[in-house]
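See the structures that follow.
Both complexes shown next keep subunit A, but they swap its partner, so subunit B is in the first and subunit C is in the second.
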Partner chain A sequence: MLPSAIVGAVAGGGEISATGALRVFIGVAAVVALSLVATARPFYRVQRIPAVGAFISGGWAAIAVGLILGRHVLNVVDRDVLLDVRPLIMIALGWIGVIVGMQGRWEILRRVPPALWRWTALDALLSAILSATIAAFVMGEWLHPDHRSLDWVLPPVLMLACCMIGWAPETRSIRVAHTPKAGRLALLLQSGAGLSAMAAIVLFGITYRLTGRDELGRMDFTIAENASKALIALVVAALLGLGGRFMLQRADRSRPDALTVFIGVVAISAGVAATLRFSPLFGSMLVGVVVANLTGPRVRDFERFIMGAEHAVALLFYLLAGVLLEPAIGLWGAILVAAFVLIRIAVKPFAMQRSLAAHAAELPARSVLYAASIRQSPIAIAIAVGLILSEASTLHRRLLTVVVLVGLISELLPYLVSLRQRRSLAAAAAELPAMERP
Partner chain B sequence: MGKRRYLLLAWIVLLLAMTLLRHIELAPADHRQPPPTPDITLVDGLARPVTPPPSGLIESAAGLGFLLIGAWLTGRIFRRLGLPMITGYLVFGVLVGPQLHQALAPCAWFAWLVPAALVPAESLQYLTLVNNLAISIIAFTAGGEIRLESLRTGAKHIVSITLAGVLLIFLGVAAVLYLARPLVPLLAHREPAVAIVICMVLATIAIANSPATALAVIKEADAHGPTARIGLAVTVCKDLALVIVFTVLMAVALRLVPGDEAAVEAAGPSRLIGRLAWQLLASIVIGALAGGLFRLAIGRVAEHMAIFVIGAGFGLALLSKALDPPLEPLLVALSAGFVLANLWPRQSARMFHATEELSMPVYCVFFAVAGATIRIDALIQLWPLALFIVAVRALLLWVSTFAGAAITRLPPPARTWMWTTFIAQAGVSIALVTQVTGSFRNHPWGAQLASLLLAVIAIHQLIGPPLMRLGLIRAGEVPRDENPP
Partner chain C sequence: MSESDSSNRLLVMIARDEATFEELVTGMLDVGLEGATIVDSKGIGAILRRDMPIFAGLAALLPQHTGSRIVFSLTKLQRIGALRRFIQEMPPSRRPIIIVLPIESAFGPDDH
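And then the complex of A and B:
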């Protein structure tokens, strides 16, 4: 009677059932528990152990928890109920977009060495072209025979290509000698990852609009419409960036006010982008770029505040990915995973070493960090989850599984390389006393 | 240009942007697209069926953002005008919500300018979860504000004012309305039993007040003193008493005027007592346990206390709803906050500080959504009668509070101005109206009664915060810098 009427009565309908509420509750509890673990001090210490670092940084643990809570194991978090809280997930996507966009500060971008631009461009080009080619071939076989036209094949192919762009920025879990050269390489790896993430989001922002379909299954997409909507998204982003700065100035250093403005700006940018059928990531990234290029102490405070929750938001997406994915990907899905992992192994270190060859003297000759670029960017998970937000289809859930598997496998590769290197170094060290013996 | 003008400019730009975006959203679809046909099922590339997102779901994220920013800007403008910020949040909700649009839609130029509500009803319903979070966080803060010490010292005042309020308002409103029934269209020519039920329902809802509004106004004005402290405790106690009064009322009313069969069955004495006991006791006990659990967790939260608070708020709201019969979320969170603040004041300070930091966005969303759901159509139709009830209730509030305070010798100015704390009504009252509507849906007067109640609540929602602020200022409990001349 009374209480059930009170919950949600103010907002009207949209009631969640008791079971649904319990499921969302368990989901929220899992997110909070994971966030607590992830932000606890002992966790940072444990993460320095390479094997644990490799296991955690790629989201293995959170994805596994999500999978266990999801439909395929315990079924306590219903994915359809989760999709009912899409507005909140969109805001979280927007948060990620702003974080990525804030790396687009002009004064930093103009100091980026040409080699890093070359590396990012070469990686994006090679990864996108190769993965799109293979994905197009696989989709031609994987999709239903009636749906093997360009209208159906192009959106998933482009999405997968976006996911293959870039690499993971995290280097803490990779144990390397603390030398200036290794530090320089780690910095390049981190900066390049930020640039690549921006490239991936822009490309995804465009392809996201291709996912819209009319009742006959044709892509509902015209260049004129796309251009006009993109223009609107840009204007909204610019206005929001400027408006956000103005409102932050009015916030008079009050944290609650700044928080209100920030959540509001992120929600509007993500929501307007979604309404215009762009990715929420894309809209918010544009806002992030605008805000990053406005100077002032308030903006720097704002930046620190946003970055502070990076960990928790990333965990949320790993957990969501675990709940939303569809494990039964079949032979063609497995082929895609294998092909993408091979592409990463072949292309990423190659693009890195080729582009940075001119600076070889300033960088270490051999380092596990060269293999670190094999690891998939966390943005890929956000992109794949974002696709499910636009259309919660079986295909998209399977594509998410492909992305998750590629990420998990690629995460282990640098660790295996470092193990091999350590073994060979240990073997060399063991041989040394014998050689030195008179 | 002064700060106020800049704010006004930003506010106008925001409204224009919202209107423009609504126009773009509602623009006719591409002419190539065939009209939607119901027999076509959407499928994905694997030929598996796909359910498109329900209407309003995707747009609700932008709606939430607009409500946040718009309410925040309006609140700041209102603050500069010397009015409470939460009135600004409510007013913004009214302006962009579906109710005002529906009321103004017959006007041709308005319909052309604003083709649909800036935050449509379909989007508002997806903000339920956010609203539940807001209720939990507000109640948790309110629980933290009530200290055992002040309860001990002020217990006699709280009991006296609560009892006087509940009795005098219930009896007074019911009696005045019953006596004036030839003048009230809703009551005229009704059978005495029906008239009595309608009067009792109106009188019961008149008891309701809004702890959330009281807390928001107190926090915003940074008020300290007996009016604020005892007033807040009384609003909570009155709402507890209301749960009991309402349950008894429904049992009596559904016997006098049989309504919906399921409702009559649910109103059976044993069921009622069981549910009531569960609602009150279980809510308090589970809330207290949750408070204990939070205490254990607080020590382990190294960073991001705000994330913990959000999770805890969602957890309390959803847990309350998940149990059968459901708990009272307001009471659960209130109890958790009370236990935490009183048993572990030092350890919980960090959590309450984080809650305080979250309060602004929470209030913006909560009150803007409340504003967006104010029934403007009911207000337009029934304002003379609604105003009459508001005036009667206000008079009885003043009399009952003054009497209750005088019995226990609470000195002025608290005695004189505390009644202003109880004027505002919000979520709980609307929830009760929903219950009334459901129970009497078979009767032709059921809908009229609901409309009248919503009109009365709408007026109280709008006049409550400024009057309470005025009362706190007059009682001398608002610091000078929060009280611009």
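And then the complex of A and C:
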């Protein structure tokens, strides 16, 4: 998608100066270098370093490159041209939706312990209500006086609430102890993050429908219409899932054929979702759930293949988010960032410890992992970009910046705690006589 | 080292997925290789994905099985030669990785 945007930007600009050509060259070189680095074997080794792991899994490196390529630094990639390749971005969102949906296999869902359902529900409820309340107050002040009605306030408020649901699944970068109890807690964190991502996408599916407006700028939304279109989306997802399985069997073990089938299925599901005014994330997640629950000789192979591309798709998506950012968020944006970070610090560990209290004997008494749920889920960035696709306004771009900043700050806090614990352990080990050291 | 050599070798075979493993078992039985120990395994790619999930963490609840298996067998060189011919007829993408090692000594339940 990026090369198309770059070409489009250059073509749209007519004659380009030597400086412009150099910028394009730097931009392309940066994208190529990032792609090569991200897929190189030594990169996996570097990611084993906890600080790098945290940096990469949050997508911060790719977002930073996107920001540098974007309007505010090198101005290599024109974000308006980028939005002209909307169908491609929708396919990328659809890919993420399928990855999340594929977790909805019955075999997996029936293994989810009751405590994890409780934790996910409590977290989603508390996070969404608190963040929506604060966001509604801030939007009331931040938006232009003409737009301070429910029609304009509700979609961004609900989008921000979706972004606050859940937490990041990666635990390796902050895990200090490698005991069985810590392993159990890490597993719960990881699986709860997946469950929360599904909840966030469902809520965003509804939010996305609220962005449709009539000629007077009012929300064009009725419950009956919403329900009927949701039903159509479900039927289409089932048909696409079944059709996809049939075509996968025809593709046998050919990776290129399987990839073609996959891209076709995602493109159709994203297109149907757009037509029905649902988020491509939501429509494709439904397809992912259907495919995951089908049986067939190639389905599991296909699943592994799709999941294997998770890091590459995420990387490109983070890059896109970086390009779309609008850094000038002003005082109200900064207030939102601070409030959301505080909500995460106050609510997430509370919901976690309260929900898991019944399993205290199986979990570590103290662990930095209890702070891990503070970290924002990567799906939040996909959701924020999804809102920009529905309406590419400056406000939505600023909200993307808010989401990125909340993610960055919330990532740092647990990492710093784990760093302190690692240093304390290292100091304690150094003080032991040589014979007593482990 | 010729196929007429009747001494034992340790045969290690890595089948990357279920389909490869199925064909491999057929081939083993065809060449008369009936004794083997099979261990479920996973590649480093699966480990790396499990360590750093981005969007999909829920799959961690499933037993981590990728379909990859390692087969250990103590067998004669003649049978290894026959198995090699069977594997060469398989499509390259489905062929298992095979390692043959000389054995200095082996002890087991049949020793008296």
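The rule we apply is simple: the second predicted complex is superposed on the first by the 388 of 438 C-alpha atoms of A that agree within 3 Å, B and C clash if a C-alpha of one lies under 4 Å from a C-alpha of the other, contacts with A are read in each partner's own complex, and residues count from 1 in each chain.
Just so we're on the same page, a contact is a pair of C-beta atoms (placed from the backbone, for glycine too) under 8 Å apart; a residue touches a chain by one contact, two chains touch by 3 or more.
Because the structure is predicted, anything quoted here is derived from the model rather than measured.
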Which of subunit B and subunit C A:379 touches, first, second, both or neither: second
Which superposed partner A:203 touches (first subunit B, second subunit C, both, neither): neither
Contact breadth on subunit A, by residue count: subunit C or subunit B: B
Touched partner set for A:406, first subunit B, second subunit C, both or neither: neither
Which superposed partner A:185 touches (first subunit B, second subunit C, both, neither): neither
Which of subunit B and subunit C A:236 touches, first, second, both or neither: first
Subunit B versus subunit C as contact partner of A:308, first or second or both or neither: both
Intersection of the subunit A residues that touch subunit B with those that touch subunit C: 308
Subunit C to subunit A touching residues, read off their complex: 17, 19, 45, 48-49, 51-62, 66-67, 93-94
Partner subunit A, residues of subunit B touching it in the complex: 3, 6-7, 10, 13-14, 17, 21, 24-25, 30, 32-34, 36-37, 40, 42-48, 50-53, 57-66, 68-69, 72-73, 76, 121, 124-132, 135, 243, 246-247, 250, 266, 275, 279, 283, 297, 300-304, 307-308, 311-312, 314-315, 317-330, 356-361, 364, 366, 369-370, 373, 426-428, 430-432, 434-435, 438
Parts of subunit A lying in touch with subunit C, wherever the complex brings them together: 44, 47, 53, 56-57, 59, 96, 99-100, 102-104, 107-108, 111-112, 169-170, 172, 187, 189-195, 197-198, 253, 297, 300-301, 304, 307-308, 310-311, 314, 378-379, 382
Subunit B contact footprint on subunit A (complex, rising order): 1-16, 18-19, 21-22, 24-25, 28-29, 31-32, 35-36, 39-41, 83-88, 90-91, 94, 139, 142-144, 146-147, 152-153, 156, 213-217, 220, 222, 225, 232, 236, 239, 243, 246-247, 250, 254-257, 259-261, 263-272, 274-276, 280, 308-309, 312, 391-396, 398
